[in-house]
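Would you mind keeping the following structure in view while I ask a few things?
Chain nomenclature is as follows: A, B, C and D, assigned in order of appearance, with residue numbering initiated at 1 for each chain independently.
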Amino acid sequence: MSGTESQIASGFAQTAASLSAVAKGFHARGWLLGTSGNLSAVVSRDPLRLAMSPSGVDKGELTAAQILLIDEQGQVLNVGAAKPSDETLLHLQIVKDRQAGAVLHTHSVWNTILSDLYATQRGISIEGYEMLKGLDRVRTHEHREWLPIIDNSQDMNSLANTIGETLARNPNAHGFLLQRHGLYSWGIDLQQAKRHIEILEFLLETLARTLEVKR
Amino acid sequence: MSGTESQIASGFAQTAASLSAVAKGFHARGWLLGTSGNLSAVVSRDPLRLAMSPSGVDKGELTAAQILLIDEQGQVLNVGAAKPSDETLLHLQIVKDRQAGAVLHTHSVWNTILSDLYATQRGISIEGYEMLKGLDRVRTHEHREWLPIIDNSQDMNSLANTIGETLARNPNAHGFLLQRHGLYSWGIDLQQAKRHIEILEFLLETLARTLEVKR
Amino acid sequence: MSGTESQIASGFAQTAASLSAVAKGFHARGWLLGTSGNLSAVVSRDPLRLAMSPSGVDKGELTAAQILLIDEQGQVLNVGAAKPSDETLLHLQIVKDRQAGAVLHTHSVWNTILSDLYATQRGISIEGYEMLKGLDRVRTHEHREWLPIIDNSQDMNSLANTIGETLARNPNAHGFLLQRHGLYSWGIDLQQAKRHIEILEFLLETLARTLEVKR
Amino acid sequence: MSGTESQIASGFAQTAASLSAVAKGFHARGWLLGTSGNLSAVVSRDPLRLAMSPSGVDKGELTAAQILLIDEQGQVLNVGAAKPSDETLLHLQIVKDRQAGAVLHTHSVWNTILSDLYATQRGISIEGYEMLKGLDRVRTHEHREWLPIIDNSQDMNSLANTIGETLARNPNAHGFLLQRHGLYSWGIDLQQAKRHIEILEFLLETLARTLEVKR
């Protein structure tokens, strides 16, 4: 094992354990039910190596041993490992376009509902909440976050391209929604990506419940 | 003890522990409150043997030692065991008609509400959600799941027959609702049945809350 | 220590541990926030001795050592113990009138809301739900449960009398609400009382959310 | 180390552990998501020393070792410690004006929604609930609690002044809201402050859901 390989192996083991802990916490909140959603974090940049949850596993019982090591083409490198998620390409797209250190994707009841309710507007504007200050580079509640909504698709190459275009058009966005599907967010590391998901899920729930109360 | 009996005993012990773990998780989510609901899994096919939660126990404290071993007539085989659930016949009906390896039945607030709200339509149509892909053999969100609603009854023989007819008429259904009662789902094994329940509960909550937000 | 005293001491220790476990579970569900609510269970009938949670303690951290031993006049018998709850008299009233083995009182958001919304009707009718079968002596979902609502008061002698009259007028009731205050239920033992609370809380949440969805 | 310093160090260690426990519990309830909110408790009065959560940490994983020791000017005294929260001045203002022993600040969905819905009324009136009796010095449900709402701001000196004026005008208030930001409450010690937060969060959720059900 070369020095780089040894560093990757060591970083992978630590990252896999952290991804497992985040997955269990989000599953408990109902954000990853029924094997939905996926989580990844960058283990090395050169060569690009991603630790990522596999397809079809119960996130409430996700162990570090189930985490896949993925290369920049989305191929699985660890022997005997499970099937990669169809959405691996989407994670790689975000990692490259945003220089993200981690990408998290949740299916919550509230993000599903709002991704549908605001689909014709192509996004949701979130403005004036203190909670926005938890997003990277936001310094005041007087911030307007535009959360783009993208049509859902089963064609992952096409969807990755659309995501690339959406990220390019919205350079300050901290996440996006796939219609009737879920939320993607990311961060410079897993800790920040987790913070972004918690904040966006909180704000989406707040917006949806405000509609119920004010209506 | 014959070879078959020994295999059944060993399989039963493992399955009972798994049923106990699923029961505690679902109870924590409020899907099995007040001793409601029940859980079963096939231990052997020939002869048919089912591991199943007994009647009237707190699912948040269900131990493997409380799980019953049931034969194909619904008789309890383990000595000194508790009373079987009235709904044992319904589990056996589903196991036979669907070749299911596990059957789970939950009483959630949302499945109770929607089983009543859509009772006159005799079912609920769920369409266009990514989450549907977690259901067995569904490959795209462009899927229409019909969740039949059956009148509630205390006559278990009659109810088992109605369920048999409903399953025959809806060969692709992954579950059904009993009106003002609860949700049944199943799978090839306990893991898949748990996944189906989580997905259907998620989708029912999403539909109900969408009604609240959009109204 | 006489034989009776020794039996009371032993029964008290076991009961105190069980009350602590139920308190923590209900606090986690948000039914006993902010030191609200109280729990009791009969340790002996002759003489009447009650194990009961003290006034003003955090139910999420309630230890068996904090549980009070109460006599039939509501006096605290264990030395150095904390202040008894103002509502001790209400527990004693229910224990005597219903021959209850345990009495539980919760403050949930849903029971608070419905105790107010239906106050002018003096009660809530709950009918046609399978979940009703979890209530003692109920054999079918075709049951109509009348949950009386009583005006709240800080005069505990007067309130105990009103509760006595309400229980006499509603011999089949499994619980009652105090307006803008909370739910009382009971059972032949702590296990049954816990089951009754879980069922009534479930049904109240179901009724309230049905109003939201159907409206 | 002088006697006073030794007492402060010992008190700080205990308080830091308690703050960590409260933070984890509140984070689990969704009241401190995404590193939002903050917690403090007085370690000594003369000199004034505050134990306080630092800026930008995950409250679900807050350890006692991360807690800051703060002086009366808001300066961090422990070596190598993390960045103090911007809202340190607000905690100090409340500690001085109310002789509080602990100050807690939560961002819940319900407090965010109501802080906005009632902003033009400059506060929320909460009246007639038994739960109010859990607030310090309240003896009956026939109490009217006025929860002031203050405009949000990123100017902490200005905001501290406004809070000082609001507390002076509302000498009996047990908390206040910052618009679209969150809830502040306090108590003579951490236990009472925790009780006050649980009660105010419960009452705000009850008011908001009552609007939904009654509407």
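As a working rule, contacts are C-beta pairs under 8 Å (C-beta built on N, C-alpha and C of every residue); 3 or more make two chains touch, one makes a residue touch a chain.
As the structure is a prediction and not an experimental result, all values here were calculated from the model.
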| item | value |
| --- | --- |
| Residue-number overlap at the chain A/chain B interface, same or different (half cut) | different |
| Centre distance in Å when chain A and chain B are each reduced to the mean of their C-alpha atoms | 32 |
| Distance between chain centroids, defined by C-alpha means - chain A, chain C (Å) | 45 |
| Multi-partner residues of chain C (each touching 2 or more other chains) | 212, 215 |
| Contacting chain pairs - touch in the sense defined above | A-B, A-D, B-C, C-D |
| Sites on chain A touched by chain B in the complex | 30, 33-36, 58, 60, 107, 109-110, 112-113, 116-117, 152, 154, 178, 180-182, 208, 211-212, 215 |
| Chain D partner contacts - residues on chain A that touch it in the complex | 25, 29, 128-131, 134, 139-142, 191, 194-196, 198-199, 201-202, 205-206, 209-210, 212-215 |
